[in-house]
């Protein structure tokens, strides 16, 4: 609960940033990653003198991965605790309702994890997604690469399995649309609810289709389970791509290290050459003992975007200031750890994701060509 | 005394036991009326007193719970059929309203009322299936209802939006958020008053007594000429209609519907918890329960914010109620008062056979 | 000689309500039948519940062969040789007649003994043998009662407590039960019998005891009670004093 | 039209799944049919057992199956305690309803405590043989699924024999139906009912361990299980262990086969269709069939 | 006199057991009828079939000329047939007064919304409790009553519903003999008001003293019928039932 009503707005007190995160429930794992990213941002900002000369202070509530809660949380943060700024929660499903609260209180709403198209179709005027690309564009480089292969090598058939979740489906169907347009036939297309734990039947159908390509629209655990179930059936595709799961640090051990050739899109690389990234990776590693992953980076990016606006506009409180912040973000380019970002009218970023691939027990960027750390393996080795 | 309790002496029980007991019902009635007036005043004054919009929105959540659990109590309290699936009816009300606004383009209020009617209509076949079975099987069916609805609303994405959810446009787009809250607060208060009024009406009616007879022994009630199935169905539909109204209002207020939360067993079980905590045989039982539980939920959230201990607290609370106050807070309080008044506790026949004969001779004397 | 079972000045009741038994005493010597009669709600079943250990008395004593056993539960009482047949219907409804009867011998370890008793009760109540594999809950009211009685006859208790054993039974089965009561008494058991079929019961009993308002109203040799005209009118019923009256209308 | 190989594979998967369902539902059958208790918390205990298996594997590095050495007696004791300390104190008249709520409370409590202890993160045991499988006429059978199936078969057989052939089984049923009469024939009703409940929970310990071998677990997973399991015991005829087992196999098989044309989500509706069909046409269940108490 | 309640060839088998084996019975209007027979001869099953609580396998029931064979129990109750249960059914957590009041029919859709505890009905309910000697239990919940008290309460409830025809399943079971005389008188009084009774009972004193007409069942069908004087001496009855 919050007790410090209102005193923090304006003046010389700390700038309070209100955030609600899924620290428990379905999205708790990535939710915690986002929390770390936000904390790293606050520390780095404060260590270098704060924003507008004021310290920043995070006020983080747990929404239990529950859409009702997330609304109540932002309601409380904005209406009752009178925070100066808000950052977004994790996952499309929570971003949409909370963005509305922020909108109705006129707050700038930069968010780290509302990647699905839905988010940008609500007509929000204050929302910006702080990452390079929306879900449907995650596989753009991969699609280009596959379709550019010589006809005899190009895969003929593909199987898709996606969680019934706006983000997960967005990634898989983004690729599906492009491959189908390029002549790759869809031979299996499965959707499963978020709480599915038994993937054997889905795997059986995919294996039975003998598709050349398997694409999983996954969050984390569902990806792991699907891969294990496919391996239990001894299915060996030429190409296997799964969203988010393979970039998780736990991934390899979760599937018994049988990771050979698995692909995944990512919006972030620890080795990316962007100016602020080096500082971020260093300081983050110092603070948490391990280098940042995508979720942490997206959170950090969110902080960077808001900080840039605050610094440029020169204010950080509720009221008129917020509209000025929104206008500034809309009109400017912001340099972040995932690269320079700009947004269209709906708050959609205009970039693309890179493609990573597992080989020899490590995950490396393989696409696009100008950023690659390793060669793209195709057809993939057996897993 | 507005109460479904069967232990309470009926008003105007003329030859009832003499002594202190005789004066009590009247005093009790005065106290009750005073309490009701005070409660109503408190409810109406709340928005003016709420320090900020967040508290006001919490008030709406509590009122929503109060309406839901009062609606639940039409079935649970009268007939004793414990439904853990009423959350599904609220969800249907919410989705119905939302879909009618977004897909059919109806104005919000019309959508709300039409959705209520539709849910009442759907409740007929649902009730038809569910009420055929009793006791534990009914509970299972009610749980199944939620799970089915969840499956359907998650999978039938082309209509319901699936797990992407459904966004319901605001009924009053021009209102600022605090004003919006205030309007919905009063709408909910009105709905609560309506639900309470109908419950009260049924409670004191013959229909209500028939429902209570069903609760006690369904076959017996049937043998006495109560059309038990029709009675159950009617009250189920009434309950469903109020639940749907509450759910629909919520959809209009909240704006974002997600199947996972609209069709959650937890919603239904909160209704049960609240009604039970307050006392299912009492008009104000569910309301009291909602005040306690709703406030407690907000409080737990405040104090254990980032742990799942709110679940632990809910579980412990429900367990304590079931173990120690199975009749609810209100009856427990009444028993507490009754303890000072032991005169009416005896159940043994207080007249000997000889006295009984004498009485009888007197009464039959005239007839024979 | 001490009685087989004796209740001394017992107070007992349910929950927090006023007591049902208010200083009740009765003694049943070995080899005799004591019959308890009284109006509905006088407390007769309550007496048997106390005597069998189902209900703990609030005060007063329960003696078995002179030993104070107040407060023991029903299993311990069974071990003391005290068995109760409940009023109403207490068969295990969803078990077969076989299982019901065999459960009557739950405490008997000796298989041969069980088999012998099974033959005995089958013989006594033909319906038990006829319906051996039916679910007991599906029998008619009187058939269930017979199964129940058969179940309790599986053991040979020293003290038998019977709560309205003839209720719902047809005349034949009623006779069988009263015969068994006599047989048990002759075998040296102490029988405490509660009956609303009061005249028949008092004809069988040695001692009668009239209970009213939770106290002994009067007790004495059964034959004397039977002869008492006032008792007859108040408690035992009889030929209607006046013929059925023609009503006013 | 699905290929023959896919059909065959699905049949195998369905049978393996059905076996697991049978084990998971066995406890519910016990409490529900025989003891008149609707044990909503059963699946929460399954998940708890699965977590304990996961935890022993994670922390001690030993095979999760070994955790049963501890969890089975532990759950048995917990069951005895739960019955003696909580359920036996409920009023007999409202037992069925109140037990629903009480066990619901326990389910929520377990979920909350699991979340507190292990966070809401999804967990999965990583076994060396996790993705190993053996071939059978062109189909593949995962080793972990085979182990779970074996556990189920053994546990169910033992349970059946215990209930039908031993004095304990009889005493348990008698206790539930007529506690007073049971006490009067010399049954220690409290002890017996406690053991009965303990037995039910012991099956949850085995079931949870079997479950943990090849699935992801998270604290709120039990809601996902309770619906299908309840449907199984109703279809099987409340209280009949063989009935529940048959219903479980059948429904598991149907679910698996229906997934081919309908997909995972819609295939789950088979449980509820079967539930409603049963209640409409044969409320006493299709395989068990005890008396409907009326008059 | 016309037949009021009539069954033709009712049959009902439960698995292997034939409970009713072609029961054809006529009960006349305005009489006190008794239905007797050994345990398990099908008397209760007969009641259950007549009142619609179980469906006969075949056969017909008519009441005052109308076929009621397939009607729902409540419809049959509304047609004027009330009954009690052998194993005694009361509403356990209701007071005696409410138990009796619950028997009042709402009458029409809106009738259901009328107050349940109107003065007139309450007075009538109290009168029934008094006539059955349990008025001191008016405010006691039924579950806290002794067996016999519950039996009497059930009877009060049925009579409150004011049925034209009353089926009583062992009304005397467990009722004190002194009160039994009372019940006998009551039945005759009510009968004189025009009510028909069908009474299942094993207490022969009561049966013989109050009934006009006796039907004897054995193995699911009537084996004899007639006035008490005739039944008392009928040899088949003596053999099958009275056991002498």
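By letter and in written order, the chains are A, B, C, D and E; residue numbering begins at 1 in each of them.
Everything that follows uses one rule, which is that a contact is a pair of C-beta atoms (placed from the backbone, for glycine too) under 8 Å apart; a residue touches a chain by one contact, two chains touch by 3 or more.
Keep in mind that this is a model prediction, so the values were computed, not measured.
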Number of steps on the shortest touching-chain route linking subunit A and subunit E: 2
Chain pair with the higher count of C-beta pairs in contact (A-D, B-D): B-D
Centroid-based (C-alpha) most distant chain relative to subunit E: A
Remotest chain, subunit B as reference, centres from CA atoms: C
Between subunit C and subunit D, centroid-to-centroid distance (C-alpha), Å: 44
Cα-centroid distance, subunit B relative to subunit E, in whole angstrom: 38
Mean-CA-position distance for subunit C and subunit B (Å): 46
Inter-chain centre distance, subunit C versus subunit E - centres from mean C-alpha coordinates, in Å: 27
Junction residues of subunit E - those touching two or more other chains: 44, 53, 85-87, 92-93, 137, 144-145, 178
Per-residue overlap in subunit C, given as positions that touch at least 2 other chains: 14, 17, 38-39, 41, 138, 233-235, 245, 247
Subunit B: positions in contact with at least two other chains: 151, 154-155, 219, 307-308, 310, 347, 349-350, 353, 356-357
Residue ranges of subunit C touching subunit E (in the complex, touch as defined): 14, 17, 38-41, 45, 87-89, 127, 131, 134, 138-143, 145-146, 164, 167-175, 196-199, 233-238, 240-241, 244-247, 249
For the subunit E and subunit D complex, residues of the former touching the latter: 44, 48, 53-54, 85-87, 92-93, 143
Subunit B partner contacts - residues on subunit A that touch it in the complex: 1, 5, 23-24, 60-62, 64, 66-69, 71-72, 75-76, 78-80, 93, 96-97, 100-101, 104-105, 116, 118, 122, 164-166, 193-194
List of subunit D residues in touch with subunit E within their complex: 93, 294-295
Subunit D residues touching subunit B - in the complex, by the definition given at the top: 32, 36, 38, 86, 89-91, 94, 96-98, 100-102, 104-113, 115-116, 120, 219, 223, 226-227, 230-231, 234, 238, 263, 265-266, 268-269, 271-272, 275-276, 279-280, 283, 294-295
